[in-house]
Amino acid sequence: MTDLTCTRGGRKLFGSFELTLDAGRCAEIHGANGSGKSTLLRIAAGLFADYSGEVDAAPCHYLGHRNGISALLSPLENLKPFERLGPGSAQGALDRVGLHNECEVPSGQLSQGQQRRAGLARLLLGDRPLWLLDEPLTALDSDGRRLVRELVEAHCGQGGAVLCATHQTLGCSACEVRLGA
Amino acid sequence: MFAVQFRRDWLSLMRAKDEAINPLVFLFLAATLFAIAFGGEPQRLTGLAPAIIWVLVLLANLLSLEALFRRDFEDGTLEQLVLLAEPPFAAVLGKVAVQWCLSGVAMTVLAPMVALLLNLPVGVLPALMLGLLLGTPALSLIGAVGAALTVGLRGGGVLLALLLLPLYLPVLVFGVSATLDTMAGVGAAAQFYWLAAISAMALTLAPFATTAALRISVEQS
Amino acid sequence: MMFDDWQAFIAMGGHGLYVWMAYSAAVALLIANLSGLRAERRRIRRQLHDQLRSRAEEGSDASQAP
Amino acid sequence: MTLKEFWHRLGSPKWFYQMSGRWQSILAALAVLLIVAGMIWGLAFAPPDYQQGNSFRIIYVHVPAAILAQSVYLALGAAGVLLLVWRMKMAQLVLENLVGFGAWMTALALFTGAVWGKPTWGTWWVFDGRTTSTLLLLFLYFGLYALRRAIPAREAAGRACALLAVVGVINIPVIKYSVEWWTTLHQGATFKLTEAPAMPASMWAPLLVNVLGAYCLFAANVVAKLRTAILRQERGAAWVREWALRESTR
Amino acid sequence: MHPKRRSRLMTVVFVLTGAAAAVALMLRAANENLNLFYPPDQIAGGEAPVGVGIRAGGMVLEGSIVRGGDSLDVAFVLTDYQGADFRVAYSGILPDLFREGQGILVRGQLGADGIFQAEEVLAKHDEKYMPPELMPLAEHAAGASGRR
């Protein structure tokens, strides 16, 4: 993305923002609350269009504040539609994030952290080179945080790129982008 | 995509049955209230019954539309739908189809009972049901546009009614007059054709408008 | 002129009430509309003016710069 | 290429602002002149109707208001298309600022219609085809207004209203047709075996003047609303500051 | 790109099918005579169904109104001034605007004897405006054009 300017609510969030993310790299976006981290990710995902400048993003997975996991459906049912995207089975992805025993339970009965894990499992389905993660560590225990790190490292190792907005560091080798003064 | 979304929403519907049948309960309750309020003179109700039924169906439809996208909006599934769906209108159609099964098909099935409560002659029932079956798709489809626009807004329910009721008017007019004309012994083929035409038009245009509206709503969340 | 005198004009052949009601509503709307536009314009001009002055007080260099 | 350039310019607030100063005063003056002239003409010089007498004179405010009510909605629909497809900034300003004007015009049409209905039909209100569809038009305006108020983000509100306006415009013919067909069943007016004789010139001329005046008012409103909205929107821009400086030194 | 192209094709097919269906249905609806309204020439020509509720219309023929003494019965002839007319029988209160030469809409059934048994009589709103001094002239003009 080059020369990205976005104003929201009459307030300039960031101006002339530039970022190039090569394959195999992970970038962490840091910044104070309200500095535009989430908006930047949403722009990259194509979920927010009120900006000027150029955005050229590869096909991506977006994991926002909200997990995109319907409470009425089990994690497995939630992920089934994403199997169409490419290789990988929903069952395998859920096993990977440690939800092997919970994949048939309606998600509403799972804890916040488990729902977050289900959201992470979606990243493993379909071959999307770019991951956009918005605060992926929220609600996760130390085990979960390690899981995120492993997933990100594995993804980068396979030539994927990760753009991640967070207040904590992921703990893997990542370049740092700062938003807001 | 249509089938995938349909199956998904159908499952959700089955898991939250009690919530889903609320509009049907409303339809029944309101019709009962009318029947009781007119208690002394059921024959006066006969002439009004088609209008009452159709208005109640409209309102019940509004009730169930309000919830059409809300849950998905709140848990972030809607974002994923906007990002994933290919083509997006097929997924929207899948959602609307599930809503229609409830608001259209179920209400059509329920209509005879409501009609008998309201003292509508039995001979008119086929016309009433046919009218509902042909007209309710338009209600669901046009309604989905409004629901997509107002999802996530405070006071969305009243706003939804304000946006949709004027747009519902043609369906109401043709639906009621089809039933009335059948009751009067006049053929009502033209009205049925019109209802079907409006539904076909809504089927062609509304999913695209709904998709656009969903994008707008998702973008501001 | 279709009327013989002012009285007839006001009375409008018995329909005066209705005719004058309609016309006064239209005139009222016209006046309200145009004066509303003017007031809005004046308001924004004052706002801009104030903004400019406060900025000028902050530092005359800033407002001078293009 | 030149057409594209022109298009781009038309969408540029600065260019529009600089061009429109004169248009606005001309249009507003023309509107007042035409409307006042048309009203006096209609009130005092046009002949009364053979059946309705002088209450017929209400036509000179009723019809322009009704025509504007529909024209404004059509304009909103057109602006909606422009905004949704080409993301034209100006279209958003039109959408935001003309809803109120259209709603007031519709209300005026309904009010004068009611006032006219009392002496002619003997009732203030009839659910006749035209009155009903005008009432629905008012509801559509209310819907647009309420939707804009309900959405906090301006850009999103503009696009949502654009979508609603477009949907409304597609729906209006169907609504109008169905309502007119349905209610005239009870009123009786579906068939035209003879063509109604045209109004004599002494009657339609003032009407024409008033309709033209109303359109001028419409245009003046568009221009004026756009100008203030542009100033508000672009208040940070250099040319606005320059303008304000020039104004304040005056 | 293949799935994308396929989905685009699907969209186009979907829209075309839907639009074609809508247009076809509307054309059918237009053919169906929504109002079930029959002008005088169709009734006189025997095109209107007998014994079924229909609507018909025409102008009240001058001098054709026959009122039935004490009762509210009334009979009149509706014509299109072009040679076709039919008789109407009605029992009830006529609208205020009912008069000779007025456009009238009737709802009811056509009897086997060719007499229209009306259940409801509606007067058409008058939509012409005229200064009073022009009245006789206009009436003459209307009569002339009617006889055309």
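Lettered A, B, C, D and E in written order, each chain numbered from 1.
We take it that a residue touches a chain if its C-beta (ideal position, glycine included) is under 8 Å from a C-beta of that chain, and two chains touch if they have at least 3 such contacts.
In this text, all values refer to a predicted model and were calculated from it rather than measured experimentally.
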Next item on the list: If every step must land on a chain the current one touches, say how few steps get you from chain B to chain D.
Entry: 1
Note to self: By mean C-alpha position, what chain is farthest away from chain E?
What the structure shows: A
Next item on the list: Count the C-beta pairs in contact for every pair of chains, then give the pair with the highest total.
Entry: C-D
Next item on the list: Could you tell me which chain lies farthest from chain D when each chain's centre is the average position of its Cα atoms?
Entry: A
Margin query: How many angstrom lie between the centres of chain B and chain E, each centre taken as the mean Cα position?
Written below: 33
Note to self: On a C-alpha centroid basis, what's the spacing between chain A and chain E, in Å?
What the structure shows: 66
Checklist line | Euclidean distance of C-alpha centroids - chain A vs chain C, Å | finding: 54
Next item on the list: Could you please state the distance in Å, as a whole number, between where the Cα atoms of chain C are centred and where those of chain D are centred?
Entry: 17
Item checked: chain D residues counted as touching two or more neighbouring chains -> 47-48, 152-153, 156, 181, 185
Check: For chain A, which residues are shared contacts with two or more other chains?
Finding: 50
Next item on the list: Mark out which residues of chain E touch at least two other chains, giving numbers and ranges.
Entry: 34
Check: Which residues, counting only chain D, touch chain C once they are in their complex?
Finding: 28, 32, 35, 39, 43-48, 53-55, 57-58, 61-62, 65, 101, 104, 108, 111-112, 115-116, 118-119, 217, 220-221, 224-225, 227-228, 231-232, 235, 238, 240-241, 244-245, 247-248
Item checked: Footprint of chain B on chain E - complex, ascending -> 3-4, 7-8, 10-11, 14-15, 18-19, 21-22, 25-26, 28-29, 32-34, 36, 52-54
Notebook entry, point to check: Can you list the chain D residues touching chain B in their complex?
Noted result: 84, 136, 139-140, 142-143, 146-147, 150-153, 156, 159-160, 163-164, 166-168, 170-171, 174-175, 177-179, 181-182, 185
Check: How about chain B: which of its residues touch chain A in the complex?
Finding: 4-5, 8, 11-12, 15-16, 71-72, 74-77, 79-80, 82-84, 215, 218-219
Checklist line | Complex contacts: residues of chain B adjacent to chain E | finding: 86-87, 89-90, 181, 184-187, 189-191, 193-194, 196-198, 200-201, 203-205
